[in-house]
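Think of it as A, B, C, D and E in the order they're written, each chain with its own count starting at 1.
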Amino acid sequence: MKKINLNKLKELFAYISEKSSLFLPIESANSINFGMYDEKAKVRLDVLKTSKSPKDLFFPQSETLYSCQSAKGKISIEPQALQNDEFVVFGMKNCDFAALEILDKVFLSEPVDTFYKARRDNATIVTLACARPSESCFCKAYGIDCAQGAGDVSAWIIGEYFYWCANTQKGVALLEKTAHLFEDADEADVESAKAQIRDIVAKMPLMSLDLKNWGKGKTAEKFDSPLWDELYKPCLACGTCTFVCPTCQCYDIKDYKAGEKVVRYRCWDSCMYSDFTMMAHGNNRTSQMQRFRQRFMHKLVYFPDNNDGVFSCTGCGRCVDKCPASLNIVKVIKAFDKEA
Amino acid sequence: MQRIGVFVCHCGSNIAATVDVKRVALAMLSENGVVFADDYQYMCSESGQLKIAQAVKEHNLTGLVICSCSPRMHEATFRKAAEKAGINPYMVEIANIREQCSWIHKDIEQATQKAIILARAAVAKVNLNSPLIAGKSPVKKRALVIGGGIAGIQTALDIADAGFEVDIVEKTPSIGGKMSQLDKTFPTLDCSACILTPKMVDCAAHEKITIFTYSEVENVSGFVGNFTVDIKKKARYVDSAKCTGCGLCQEKCPSKKALSEFNCGLSNRSAIYTPFAQAVPNVPVIDPLQCIKLKTGKCGLCEKVCAANAIDYTQKDEIITREYGAIVVATGFDVINLDNYDEYAYSQSKDVITSLELERIMNAAGPTKGHLERMSDGKAPKNIVFVQCVGSRCADNKGKSYCSKICCMYTAKHAMLIRDKYPDVNVSVFYIDVRTPGKNFDEFYRRAVEEYGVNYIKGQVGKVTPEPDGSLTVHGVDLIDGRQVKISADMVVLAAAIEPNASVRQLATQLTASIDTNNFLTEAHPKLRPVESPTAGVFLSGVCQGPKDIPETVSQAGAAAAKVIGLLAKNELTTNPCTAHSDELLCNGCSACANVCPYGAISYQDKEVNDHGIRETRRIAMVNTALCQGCGACTVTCPSGAMDLNGFSNKQIIAEVDAICR
Amino acid sequence: MQELKNRIKQLMEENVAQRALGWKKGEFGYDAQAAFFESTDELDDFVYNGFCGANLSKYMIEACKKEGRTIICLKPCDTYSFNQLLKEHRIQREKAYIIGVGCKGTLDISKIKANGIEGIVDIEGADMFSSENLLKIKTVYGDHELAYSDALLERCNCCKGKEHMIFDEIIGESADTVSADRFEQIEKIEQLTSIEKFEFFRNELSKCIRCNACRNACPACNCRKCVFDSDKFDSAQKANSDSFEEKMFHIIRAFHVAGRCTDCGECSRVCPQNIPLHLFNRKFIKDINMLYGDFSAGSNCEENCPLTSYSFDDAEPGKI
Amino acid sequence: MPMNSTESFAPKIVAFCCNWCSYAGADLAGSSRLAYPADVKIIKVPCSCRVNPMFILRAFEKGADGVIICGCHPGDCHYSTGNYYARRRMTLLFSMLEYIGIEKDRVRVEWVSAAEAVKFSETMNSFVLQIKNLGENVRLGDLRCKS
Amino acid sequence: MSECTCHKDYKLDTLVPQIGVITDITDETPDVKTFKVQALGGGKLFEHMPGQCAMLCVPGISEAMFSITSSPTNKEYQEFSIKKCGSLTNYLHEMNVGDQIAVRGPYGNHFPVEDELLSKDLLFIAGGIGLAPLRSVINYVLDNREKYGKVDILYGSRSKQDLVKLQEIETVWKNAKDVDVHLTIDNPQDDWDGHVGFVPSYLEELAFSNDRTVLVCGPPVMIKFVLQSLKKMGFSDDKIYTTFELRMKCGIGKCGRCNIGSKYVCKDGPVFRNDEIEELPNEY
């Protein structure tokens, strides 16, 4: 366990960013999101949740797959280069890290998504324990401990100090590189801080959310419930929940005609959008109710079906905070609980 | 995927001198969809068109791009050529590389590059063209002539003589118009009534002509070949079918204070009146503002004296709806209001009159029975001053910028007639220029000066001052001598400008015909299509299009008639297929498009649709393609993009933009 | 609120309407959601307080597809949107029974949270019909108090007025909440240089994630299928693959609702990235007022939209 | 693009011309041999009211440096009212373009009649000069089109 | 995954296509054409199994998933039978021999030709363009004739002109050992002396024994009625295989589009056994 005074963090950031790109929560235009560090950046480690999840560091909202030229029936294809440089993600929360592990199950399963994998391989992730969880958090419901560290390096902010310790080889490397900035720290400080956090967590209203009615093999039980017909009604069919969600990973593949060439890119898509399943061969989810159901069934039933009971939700609570219609997964879970 | 053939025209050296046509053709070969490209001396020639036909056959082409002169020049030619070759005519696009390229650029490299881009844009568009089929609409074989002056009468007669039905709608109680108010006509000095009256009678007697006098156009809908017009027949209070035209009612009518419109307000008329003796129809009308019976309920003298029982105080305005294939506007002119010219004392002295008023004074049926008298005291004038260009050829906003065209000649006529009849009267004419371009016009003017001793003064009148003794002092400048002139006159005649009849503005809106800043109706082309309005099926006759004299009016009337006859002779018309259409799955039914449609072509229907499996009844916009003229206003107003325009679709224009910016 | 609830119950019992469209309480007291109440039993969860910011007008489109009449609760500013939807034939008047509800301004939870208030468990004092101006906020980290008037949404600080433009009956009083000039911010932006304007909006719009919340919440954006979802203009986009695309999206959206936008502020309220999207719309409103005379979309359902009308002597483009 | 290289800078300029007046005006400019720069490429539209703001933004997206819209003079529209609508639409759109990075001077609306060949050519000359002074459109435009 | 030479240490992502060359085009019916596709340097683009599909892409137009209709036993090329029904297929129909298209794949599972189907008596039921995926299996079976039992092929279409691969059916399949081909068209036609009627009713007329393993493919309506008939005839669900409509985008079970219940059609399908389908939520 090492520590550094908070006022020396800037030095640390400067040092890391000299060697590799550094991504951390940055405030810009009244909004806090993960962004690339530079001297002018307004770093906001104090903020619990970034507006968007850090998933776009690994699965960007939009990325080029290849560009293509075609003329007179001949085609040439220029694939997009993969991420080749190492980078550091600093201050990721545990729920978001857990979400990354969920994304891994999708993108790193065969056939591997090489674009995603290249970024994963090149990233060193420093997680930061949540000092002040919020009412919309429910990570505990998924067995995530926001006081405990995860990723390559675990970190805590306790009083005037920033503490960290390495969990993986990559983490060790990062700590070694920056060792000259740090001093040794007492493990006990961290333990008491963890206990404090866990106390707060116990008081948070949604942390005790019960998921016993969900998971593997619940398709038949949940799918035809009349509750869906009620629940979806306020849904605006926007994609806010899916875009702020750290685990949503649906995407679309599109062409952009850029003069002589065609750029093929993939971009986030949302199962909430009316045209998500609209394909040349037809559309199998024509109503918003079906699309709404799909999102929650996928997170709470289908995904666990295929992944040993792991839910595709980590309780980060962004959808609770951000849904324009104040709808969210918690309301869905609770509505079914009430019914049961 | 289209199979496009590109043809680059040399236009002799017009294009080929500045544009490397071979390079343009070569460059097009690497464009998407292009399977054939060639250049040729004159694409519009017969052999050029043959080349197209051959290429279509050989290469199985589905679309054509012609790089040539402006589409305004030869688009129709190439569309016809395409059709002959078996391709839909709307699969042809023109890249304008002459007017918009070779003729304005000198640098060969630059011009060639631009030609390539223009051709590329045309290719990009054709790739998205789809065959369009022009619709057919039947032609209603009847014409409407709005205005019953000499223009309207002549047009109606010519159309009717060709065997088509014609309706004349005339606002006043009789046809005849301004010409009926004239005394003599220049340059032959024949009596206006003598030549006009027979035509009026012909009109009335013609079995193909229906005259609606005392009537106005209330509403126009429809389109070329199929106009529907509501005509308001104002209540006449006299049953035209019964009236024998004996005139007794007018004699007996006790209300005689109304000013006679026909005599320019220089005499009175009764409340029940026919405007003039030769009126057609010879059926009086009751002026409801003057009639004692209609105003107070008492009197009823006319009803009592009418042996034919034709008086009917209960008559109401009546709307008659008729259908027409063509409409001719012949609304004529008015003399301008002289309020802006009070320096000429028109409002202050009864002896300052307009030329039209002089016509009435000179006329045997006029207020003075044809004697030249001052309107103030009935004395014979000894010195008369004519002032030219009152309100015409104005540089400022006070009057009209244009030349009224007829004043020079009628003033010469007036001067001559006065000097002929009253040799002791001195006649002076203040003029800016004397314009006499017409057959026997200059000879006529010279006779006035040389034979009749009319005193022409080149110069302007600054002011006319009424003197206490009843005379008028005319203050002017003689521009040749450069001196101030002061003439004492006992009558001043103003050659007031003429302007289109005030009703034309509203009428133009109803007809969606355009008017210029002076309210003259616009021609479809100022030189080549002078009697057609830009709105198909609407034609122009007489002064409503621009100032002209009687012979010009009559010839234009005949020309308009010829155009109408040409139209009515067809059994059906092909409609422009470049019309708007609404995608029923995208339409919100919000009415925005209908709000901007200038033709009322969009209506709404509750329709059941199947939107990817969702069946529901929706309010959906429907375009009447017969009414739609293809302006595209609706397409931009429509937020969802449901409205699109054939031939200029969103995607086509975007493809052109892309091709240009590439 | 009880009065309102009772009245809705009565109307449903008397069969004046078959259902009600109102708000339902959420988890924390600040996350009320729009809700259809199909039976009087369901009304237990009915709520109307400062957190009922959601403009329900657009839900009326769906309600019109159902059998019978729907009671709809509309705040004064929501009635403009309702009128506008009526004008565009997207809803039918006879399908709605409008209860105009009084309004003393709607609350902005992010403004409350910006005061460092975290872990909110409950909020008291948000009632619309009480004259109390104090929010008592209970949190896991301790209790807070905040003046109601300090936590209003920006739109309420420059409210169009508390008069209902269309209603069948009105329940509850409204209170004036105006404390700022509606066009002040626009005027400030107009003073900026060309590059500063660009920087300002680039900075804001760069946050856009194209979730479409603004569009889907907007009552004027009621197209069955948005141009950005269809290929009509070759403009279908899902994400901002290039910075150009979010600009294109937002400016075209603003243009499409120009003359139809009632300035209800829903776009900014729902934006998960806190982009002040209403500025675009308000700029158009300001221009329209200045150039074509004062116009307030939705104040009635007859007046023609300024963009579908004209006058002969309109200003020339580029001159303002 | 630095300012001093206006000579070598060939801007991409899209001109939307209405079929009835301005396109004819351009033709007349051509037949009168009234030159204007080759940077201007004309797209024919039936009426100025056919020009959708999407077209204008699309042009800038794809790398245009200036867009000009020409129509009949107000009052002279072939379709009688089209240009009035176009005028309002463009007035509003233009007032907003700076917000997304398009300088005011990159767009223009000009009323050119079929007879105004001189005006057409003068307009295009002055517009091209104006764009050359502004330089390349670097703020806006899709990067994918630039490479 | 193949090596790419343009980037060092670069492995091509499965979403990046290969370039295929159209080496032959056959007109099958008025709206169906069969395209032979080979790799740039000749030979096959990839190996596949019967029932799998591939994504064909015309850059700038669109891309879509199509069944591979040729058998894996064919060593030179892949074939795709494509019906004209949208912008992409319209475009493909206008293409010429020698033109290139982008191809990625193969995607999805396949008919269990090396497992469950071995030594079984097989019944193929196809309607219209639905023959495309089955043809791959049929030819695979015919090329490995000894591994399977009796084969019956029931194929129907609207008219004689709409029967895909008629020539191959007449010359190859009909003459193969232990293979019976039953053709039917919807309505009588002058130059047709075969059976007339819809596929499901012909199926019942033919009265196959219900121990056959059935492979069905065709328009959704036909499949619905065929399944009803099979049920009536006593076939059990675990012996019926069908393929789903190809509503896919990524082809690798990640983009989320073709997710139905816990299955991804592009990865877990498109071939499903009927008892598996019964378990899926009713959303396909």
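Heads up, the rule we're going with is that a residue touches a chain if its C-beta (ideal position, glycine included) is under 8 Å from a C-beta of that chain, and two chains touch if they have at least 3 such contacts.
Just so it is clear, the model here is predicted, and its values are computed rather than measured.
Number of steps on the shortest path from chain C to chain E, with steps defined by chain touch: 2.
Between the interfaces A-B and B-D, more contacting C-beta pairs are found at B-D.
Chain D has its Cα centroid nearest to the centroid of all protein Cα atoms in the structure.
Farthest chain from chain D (centres taken as the mean of C-alpha atoms): E. For the pair chain C and chain D, the distance between C-alpha centroids works out to 37 Å.
Inter-chain spacing, taken between the CA centroids of chain B and chain C, is 51 Å.
A separation of 30 Å divides the Cα centre of chain A from that of chain C. Shared interface positions of chain A, defined as residues touching 2 or more other chains, are 252, 256-257, 259, 269, 283.
Residue positions 225, 227, 233-234, 241-242, 307-308 of chain C are each in touch with at least two other chains. The multi-chain contact residues of chain B, meaning those touching 2 or more other chains, are 596, 637, 650, 654, 658, 661-662. A complete list of chain pairs in contact reads A-B, A-C, A-D, A-E, B-C, B-D, B-E, C-D. Considering their complex, residues 65-66, 68-70, 73-79, 81-82, 106-107, 111, 113-115, 219-220, 223-224, 249-253, 255, 257, 262, 264, 266, 269, 271, 276-277, 279-285, 290, 294, 297-298, 301-302, 305-306 of chain A touch chain E. Chain E meets chain B in the complex at residues 90-91, 94-95.
Chain contact summary for the complex, chain D toward chain C: residues 52-54, 57-58, 61, 74-75, 81, 84-85, 87-101, 103-104, 107-109, 139-144.
Interface residues of chain A facing chain D in the complex, by the touch rule stated above, are 256, 258-259, 263.
Those residues of chain C that touch chain A in the shared complex are 26-28, 31-36, 54, 59, 62, 118-121, 139-141, 203-204, 206-207, 209-213, 215-217, 225, 229, 234, 236, 238-242, 269-270, 272-275.
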